[in-house]
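Report on one structure; see the data block that follows.
Letters A, B and C name the chains as they come in the text, with residue numbers starting at 1 for each one.
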Amino acid sequence: MQEFLEFTLGGIAVGMIYAAIALSLVLIWRGTRVLNYSQGGMAMFTTYVAWVVIRDTGSYWAGFAVALAAGLVLGALLEVTVVRPTMGKGPLNSVIVTIGLLILLEGVAGIIYGGQYRSFPPSFSIKGLKVGSVALGISASDLFTAAAVLAAALALFLVFEYTSVGLRLRATAFAPGVTRLLGVRIGRVLTLGWALAGLFGALAGVLVTPSTFLYPNSMDSIFVLGFTAAVIGGLDSPVGGVIGGVLLGVVLSYAGGYLGSNLVLVYGLAALALVLMIRPSGLFSSTASRRV
Amino acid sequence: MTLARHVGAALVVAVILVLVSIQLSSYRDYQMAEVAAYVVAVAGLTVLIGLSGQISIGNGAFMAIGGYASALVLIHLGWPLEAVFAVGAVVAALAGAVFGVAAARLRGPYLAGATLMLAVALPTIANQFPKQFGGDQGLSVSISTPAFLGATFPPTRWLAWVTCAAALIALILLANLGRSRVGRSWRAVRDDEVAAALAGLNVARLQILAFVVSAACAGLGGALLAVVTGIVAPGAYTLTLSIALLTAAVLGGLGTLPGALWGSLVLVLVPTYLTNVGASHGLSSAASSSVPIAAYGVILIIVMLAFPAGIQGGLRRFFGPATATPLTALFRRTPVSEHQEEGPS
Amino acid sequence: MAEAAALAIEDVHAGYGGVPVLNGVSISARPGTITAVLGANGAGKTTLLRTISGLVRPRQGRILVDGANLARRHPEDIARAGVAHVPEGQGVITELTVEENLRLGALCRRGGSVRSAALSDAYQRFPLLAERKRRHAGLLSGGERQILVIARALMAAPRVLLLDEPSLGLAPRMVAQVMDLVRTLRDEVGLTVLLVEQNARSALAIADCGMVLNLGTVVAADDAAVLASDVALRRHYLGF
C-alpha cells in the first residue's frame, strides 16, 4: 500500500512533465497540422538560457522566468523564420524541417555550452515529503512541478474558452480557411500558437532537468515520452494531452516500481500499442470518424 | 525485361565499385562499406514512405533486430556470410510483420509516434538479457578475409565488396518490386486510400507488406553495419540513428532509390568532413564535434525549403524531365464531401 | 450608372495553377443592389467570388471596393476592407457554439462595445440564433446553418456580401426564407450583394441586376427582369 502510494504520486509528478510537452505539441498540431519534433530541442535550449541566468544572478526564479520568456520568443521566432516557409510543401517536409531544427539546436547548444553534463537546480527541496510517518514518494519540488503545469494548463484552458484570443486560436485550429475569410489574421494566430508551445516546452525543460542533468540531448527521451503522451491522449485534444501525460507517467512508474526498471520503455511501448489498437487516433480524438 | 536491365546495370556498377575501391585508402573503403549498409536501410524506408505513404521514425529498431540476429547466428552457428545476412533480413521482416499488423490502422503522426517509441524501447531489451545480448557492452562481430585474396589484402576492402554486393542485390529487388504490380498498388494506396480500396485493393495487407519490406531492408542494413563496425550494442541503435535514416530518405528524395544513395552519402561523408573543417579552424574538440550536427540541421532545413522533393528531385529539375514524385501527394487527407456534413434541413 | 459602384471588377483574369478560369470578367454593382451571378457548372462563378475575396490571386485586372483596389491583397485584408464572403458549403465551424461563430465574425472590428453591439443586433434580427446560442453549430440544421453564416458575415458590418450558392441542399421552404433574408438585408442594411446561384429563377426574382458567365467570360449582363424574360438566354444558359 505504501509502495502503491509512492509509485502513484511519483508517477503523477513525472507525468505532469510529459503533459506539458504533450500540450505544447497539441497546440502546434491543432493550428498548423505540423508535429514539432524540435520541441525537446527548444526546451533544452531555453533551459540552458535559464542555467546561464541562474549562474550569473544566483536567482533560481530569475532563471525560471527568463526560460519561459525565452520559450515564447523562440517559438514565435522559429515559426516565422523557418516553419512558415514550409507550409503547403507537404507534411513530410515540415516533419524534416522540425527535425532539422532539433538537430541544429542541439548542435548549437554543443558549440556554445559544450557537451558535458551540467547539474540544474530544482525549484524547491527534493527531499521526500512525509505525512506523519508515511512517505509520499514525492518532494516539494515535485509538488511545485505538478502545480505549475496544472496552473499553466488551466490558464490555457481559460484563455481558450473565454477570451477573443482563445476564440481566434480555436477557430484557426478547426477551420483556418473560413477564419481567414472573417478577417482574422491567421498568420499571427499561428505564431502565437508556436509561442505558447515554446512556453510550455520551456516549463517542462526547467522542471525536468534537475533530475536528468543538462546536456544537448537531455530532452530527447522526455520529448519521446511527451510525444507518446500526446498520441495516447489524441493530438487534437489539450485535455487528452494532460490526461495522456499523467496516464503514461503513472504506468511507467508502476512498471518501473513493480516490474524492474530495465524494460520501462518497453512497457511504455506496450501501453501505447494497447491504446492505439483500441483507438487509433488517441483516447480523446473527435476526428477519427472523419478520416474514413 | 526490367529485371534483366536492372541486373545488367548492377553488374556495371559492381565492376566500377571494385575498380574504385582498389584506388581508395582503407579508411575510404570503410566509408564505402558504411554507405552501402545505410543505402539498404534508407532504400527500404524510402519505399515505405515514398511508395506506400506510411511513415516510420523507428526503422533503427529493425536495424537493431537485424544486427543482433545476424551477430548471434555468426557467433553461435558460424554460418556463411550470405546466410548470416539473410537471417538478419528475415528476422527483421518477421518483426516488421508483427509491428505492421499492430499498426495497420495508424496514420500520420500516430504511426510516427508508435514507431518512435519502438525505436527507443526496443534496444533496452538488450540490457534485460545481458547473457544473450551482452548488455550495454553488446556483442562483437568479426569476419575474416577469405584466404584466396592473400594475407595482405586490406580487410576494409573486403568489407566494402561484401556490403556493396549485398546492397546491389537488395536494390535490384527493390527496383523490381517498385515497378511490379505491388509497387503500383502501393502508389494507388498512397495517393488515395479510399479509391484504392474501392478498386479492390486490400489496403491493410499492402501497408503491412510495405512494413515487412522496409523492415527486411533495415534488418539487412543492420546486419551489414554490424560486420562493418564489428559490434552490435544498444548504444549503436539510438533515436539518432532512426532519425538519421528518415532524414536521409527525405533529403535524398523520397520514393527514389538514387535518392537513398544521395541521402546515405550525405549521412556518412558530411559529418566527418565538417568535423575536420571545424578542427582545422581551431575549434575545441568538444565544439568542433558539434559543428557537423548543427550543419546537418542547417542542410536539412535548407534542402527542404529549396528542394522540396529532395536532392534527387532537385537533380531531375535541373537535368531531366520533371517526373519526381511530388511530396504533396503523400498523406493527402481524404477530401470529405461538404454535402455529407450537412445536417437535416 | 450615375452613382459610383460599390463593387467594380475590371477585366479580371484568374485561374488555378496554369489553368485559366476567368478570362477578362468585368462587373459593376451599385450600392444597395443584388447582382445575381448565373451560369452553368464550371462557368467560373465560384472562382469569381474566390478571386474577389482574395482566395485566388488574379493574374490581371482590378477589384475596386468603394474605389479602392483590393486585387492581390490577402483574404484577411480584403475581409477587413468590408467584403464578406460566405463560401459554398456554408462554412460554419461546427466545433464552436453558435455564439462563438458569431463573435468570430466581429473579431476584425475594433472595440469591445462595437463587438457586443453587433452581437445583440444579430440576436435581435435572428431570434432563432439567440435561442440556440450555447449550442454547438454542428447541431444546427442546414437552414439554420445558412442563417448563421449570413449572420456571422454581417457581424463584420461589411459593405459587400458575396454569397455562394446559399440555397444549396436546402428544402424549398428554406430557400425562400434565405432569399427573403437576402432581400431584407439589401433593403434595410443597404448591403451590396453578389449572389451566385444555380437556381437562376429564384435568384433573378430578388435580384436587381444579373450577369451570366460562360467559360470564364460574361455573356450577358442586364437588369434582372430583362434577363428573366430573355427566352433564348434562359434556354441556353439558365435552364428554366
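To be clear about the criterion, a residue touches a chain if its C-beta (ideal position, glycine included) is under 8 Å from a C-beta of that chain, and two chains touch if they have at least 3 such contacts.
Just so it is clear, the structure is predicted and the values come from calculations on it, not from any experiment.
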By Cα-centroid distance to the whole-protein Cα centroid, the innermost chain is A
Farthest chain (mean CA position) relative to subunit C: B
Chain pair, A-B or A-C, that carries the greater number of C-beta contacts: A-B
Just give me the whole-number Å value for how far the CA centre of subunit B lies from that of subunit C. 53
How many angstrom lie between the CA centroids of subunit A and subunit B, rounded to a whole number? 30
Nearest whole angstrom, what separates the Cα centre of subunit A from the Cα centre of subunit C? 43
Going through subunit C residue by residue, note those that touch at least 2 other chains and give them in order. 94
Within the complex, subunit C is touched by subunit A residues 164, 167-168, 170-171, 174-175, 177-186, 286
Which residues of subunit C touch subunit A in their complex? 53, 55, 75-76, 79-80, 84-85, 87, 91, 93-96, 100, 103-105, 107-108, 152-153, 156
For a test of understanding, state which residues of subunit A touch subunit B in their complex under the given definition. 29, 35, 82, 85-86, 89-93, 95-97, 99-111, 114-116, 216, 220-221, 224, 227-228, 230-231, 235, 262-266, 268-269, 272-273, 276-277, 280-282, 290-292
Write out the stretch or stretches of subunit B touching subunit A in their complex. 49, 55, 102-103, 105-110, 112-114, 116-118, 120-122, 124-125, 127-128, 193-194, 239, 243, 246-247, 250-251, 254, 283-284, 286-287, 289-301, 304-305, 308, 326-328, 330-331, 333-334, 336
